[in-house]
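Order of writing sets the chain letters: A, B, C and D. Residues in each chain are counted from 1.
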Amino acid sequence: MALPKKKLQGLVAATLTPMTENGEINFSVIGRYVDYLVKDQGVKNIFVNGTTGEGLSLSVSERRQVAAEWVAQGKNKLDQVVIHVGALSLKESQELARHAAEIGADGIAVIAPFFFKSQNKDALISFLKEVAAAAPALPFYYYHIPALTGVKIRAEELLDGIQDKIPTFQGLKFTDTDLLDFGQCVDQNHQRQFALLFGVDEQLLSALIMGASGAVGSTYNYLGKKTNQMLEAFEKKDFTTALNYQFCIQRFINYVIKLGFGVSQTKAIMTLVSGIPMGPPRLPLQKATQEFTANAEAKLKSLDFLGPKKGT
Amino acid sequence: MALPKKKLQGLVAATLTPMTENGEINFSVIGRYVDYLVKDQGVKNIFVNGTTGEGLSLSVSERRQVAAEWVAQGKNKLDQVVIHVGALSLKESQELARHAAEIGADGIAVIAPFFFKSQNKDALISFLKEVAAAAPALPFYYYHIPALTGVKIRAEELLDGIQDKIPTFQGLKFTDTDLLDFGQCVDQNHQRQFALLFGVDEQLLSALIMGASGAVGSTYNYLGKKTNQMLEAFEKKDFTTALNYQFCIQRFINYVIKLGFGVSQTKAIMTLVSGIPMGPPRLPLQKATQEFTANAEAKLKSLDFLGPKKGT
Amino acid sequence: MALPKKKLQGLVAATLTPMTENGEINFSVIGRYVDYLVKDQGVKNIFVNGTTGEGLSLSVSERRQVAAEWVAQGKNKLDQVVIHVGALSLKESQELARHAAEIGADGIAVIAPFFFKSQNKDALISFLKEVAAAAPALPFYYYHIPALTGVKIRAEELLDGIQDKIPTFQGLKFTDTDLLDFGQCVDQNHQRQFALLFGVDEQLLSALIMGASGAVGSTYNYLGKKTNQMLEAFEKKDFTTALNYQFCIQRFINYVIKLGFGVSQTKAIMTLVSGIPMGPPRLPLQKATQEFTANAEAKLKSLDFLGPKKGT
Amino acid sequence: MALPKKKLQGLVAATLTPMTENGEINFSVIGRYVDYLVKDQGVKNIFVNGTTGEGLSLSVSERRQVAAEWVAQGKNKLDQVVIHVGALSLKESQELARHAAEIGADGIAVIAPFFFKSQNKDALISFLKEVAAAAPALPFYYYHIPALTGVKIRAEELLDGIQDKIPTFQGLKFTDTDLLDFGQCVDQNHQRQFALLFGVDEQLLSALIMGASGAVGSTYNYLGKKTNQMLEAFEKKDFTTALNYQFCIQRFINYVIKLGFGVSQTKAIMTLVSGIPMGPPRLPLQKATQEFTANAEAKLKSLDFLGPKKGT
């Protein structure tokens, strides 16, 4: 087994799943979406069927189709396509992992099951191991998001135990603000080539200084370019500039959080910024209000986040 | 549409899903399980693929097979077989609802989606309505369990809105200790024939006096007979006796809760009491320890909850 | 030590602390308040300086004065005056306990400290024991209210350990809906003369059938008479009538909970119903809005909870 | 009013309150404690009677005495002595604020009340304003620690409203990992001379890059020197060195957190490192176990955090 071609790093967009107005998946715009990410946002890695992609709201069959389409459209354009295959049912997660391997994805990611929660680290690792084993040639990433799953096992402890059990383990998406936990993931694994990707977009800078090797997030769909500029300033040790970019991004996120911000609103913003119709979310999510969209647009303009002209 | 043949009432066992030691579903013992519930426990209604049945840990395909087997085996033996068809994906929930209708189940139940949570009452009712519409001839029950789903919308408010939108609505499983909410469900709907089933086994008596029309729970698999005796005493207004039964049941549940009590442990206890092998749970749950089983057995004996001889 | 003259039972009003418009304690109306409770509501026991009385928002000096005034005014009119002496500081709690003994109160009650939380049962019992020892001749009650304190130690486990350590222990105020825990408090202590008082007014009936010996609550200030009628019906085993009273009370509480219900609102309602001015609450609480008061009044009228004429 | 002599910055030690074995305050070692902080740890600012100092476990009288002793002993040695005067009772908080002014403290800090929680931003600001007004010549700091208080009002929103209402407002202690909120506090107030002090010691570096002007914490009692080295490396833009210091500190904190880490354990560690006896904590806290102390000592040694020789 040769893992992986190269380490996953830089920005990874957590893709939205475009839908038609009547709630079916709108496969037709995925090609355009790929081009937009690469050309307009400078983002060449994607994370498909995660929280942002409403992965858990799709049927297994839909998840397969969505994954296949992103892999097909991304060919020769994207660097890496990681498929989130987490599910409440181990069997379904395994099926999705096998499928990701078949279609030639670059990796799989798995969230901790969160209806029945793992009672301890060993139970969680056992679950993840069974999924990973279904795609033995694919890099495996753990998707750590305790605020959504309620699973409180620290990532650092998990990494400590995961490496022997899951040979394909290649890193994690760390979606939490506990930078002791994240820092210790970095500190304890600095001799390994793990991708330690931060998942709280609005405070990415705080994780960069702690050693993050990249980031996965929904805002990189439409703020990828701005965030890449922050990454470049950070690389050059120009912290004043980096912080200015971070604050600018925070102003936007801070604003929309107060309005109520989630996947529904991200779909509205992405439609606005990219000109590609993302459509409504699926129930139990509900479409963002027109009032939200109008306010978000005004804020984007005031921050100069909308380019001079956007396609439609 | 003629709904329903009769109101669901009395005890409803939330069935376990028997598994083999290697984690596959053990369909072969379901027939015996039906007989045990009817003959040994006096329980003639079941709730399939719910929390106790690890419904959300099964694949959609497995959920269909399990549902079909219970309906088939229960024919002419059970009064009502309700299938839990809740899922994170609306599409899968709808598929399961259609299937429940095809196999001739007596009703469907749906939990609130809990990864993306409904932002308000209307969003939740819209979701439930879409599921119910997939099985327009089947009684529809809402499965209210806020401690597991994190969905805090009060049942009373939901019922207030659900009746116009979901004509097949027939009641709810109320798994919470908020008896203001439950009481108001009863109070506000006393002129309708809804089944208002309580789901916290260890304090059923407190809900009976508030007007519960029945109960759904995991302990009725092995404490159905004892609980039926409590119901009878309550019906006769013999509250001293009813309370004695309730306290006796509480002593057992209180004891196992301190040891750590969940579906894994329920499988071990049911195996012990019924003699029918329930097997291990599926990951991320892990098999109950031998120490738990030994302690639970000793407690059952001390409370005289094990009959003189049990089959193997 | 002769403990206690008699067991605390029936309804116990958690008294409000009347204040003037500029936020000082209005001692002048406490005599009238006593008469109102006894004559209009038929309530002869009180719980002073608890949550409803804003005890923790008062200075130690104010708590002493308030306690002394209630004891003085209640002389020969009230049956028992229990003073809540819980505080974050053990020293202050001890001072208040000594003072309660000096003024001739009938008992003291203590909440679990909740800034630093007790790490286990032993730590909590050690704390309570030190307070109780400061008033060695007074009955001691534990005030169990996990939703406010965040202390999750079960009451049943506490009672199991508290009896050896605190000889003055006489019971608890159980303000939670976990009737397994409450039921086991009753079941395990049926041979002792503990007062097991329920503290969730809106579902008192559910605790009565589980063996509650009384109730402490804020609504008994103005719904004492109605609640006493429920108690009487329950005593006579007239459950239909008891449930009707409970539902009627629930309709009011359910209504005000939706409007936002707390101590501020209780002050407004009590002023309305009794005609005795309760004044505003102390910061960080803020006075109930006029809109709330108008809505609450309309609801009280519609439920016939306001007598034909009230004093001003 | 001339506020303040100079901006509070750099490290601020949240002091422990030394106690004798029988639980009384050990005033006799405070002078030595001051010298230790200044000479051995290079820390010249202190935060007295906060969480670390068990401020809320002390009586008002004790809090006054402790505050007075630190001010007296710190004279001509410490730069700034800030007294935490937060309390559940507004009256007591005001008394402590007046006292802090009388003894010549350099500032006061106030935590949000957390038994009754502020229903909104205005209620909280009103409370804080009343406290601040009792010491109109002292710099006022808000102590933001939502994990302990349960008060979820964002600091950024509070600062937005606090400046008009509280003219003495000089900054906040931000004890949370939400660096969007903290970042926006910095971003929105960069033209003012507020002290924006971070309070999560184990990830201070992440806040420095977001613009923190200093830090308040318990570990600066014994890791002040190491942390000052990190601050110096950060100032020089030597991020590799800064991160090495941060990781080293994290290794220790990460280790003790797994053993169970709080004020009790901090007292044991400080006694160990400084040689000054801190004594036990006050109930409901319990003394750290000998096992903890032995493990912590071994870890400190392995990380070279104990100097070659320490006084006794």
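One rule holds in what follows: a residue touches a chain if its C-beta (ideal position, glycine included) is under 8 Å from a C-beta of that chain, and two chains touch if they have at least 3 such contacts.
Bear in mind the structure is a predicted one, so any value in this text is a computation, not a measurement.
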item: Same or different residue numbers at the subunit B/subunit C copy interface, by half rule; value: same
item: Taking each chain's C-alpha mean as its centre, the one farthest from subunit B; value: D
item: Gap in Å, rounded to a whole number, between the CA centres of subunit C and subunit B; value: 36
item: Whole-Å separation of chain centres (CA-atom averages), subunit B against subunit D; value: 51
item: Interchain contacts, given as pairs of chains that touch; value: A-B, A-D, B-C, C-D
item: Residues on subunit C engaged by subunit B in the complex (per definition of touch); value: 156, 177-180, 183-184, 186-187, 200, 202-203, 205-211, 237, 239, 242-243, 246-247, 250-251, 253-254, 257
item: Sites on subunit D touched by subunit C in the complex; value: 51, 54, 56-60, 62, 88-92, 95, 112-119, 122-124, 126-127, 130, 148, 150, 260, 262-263, 281-286
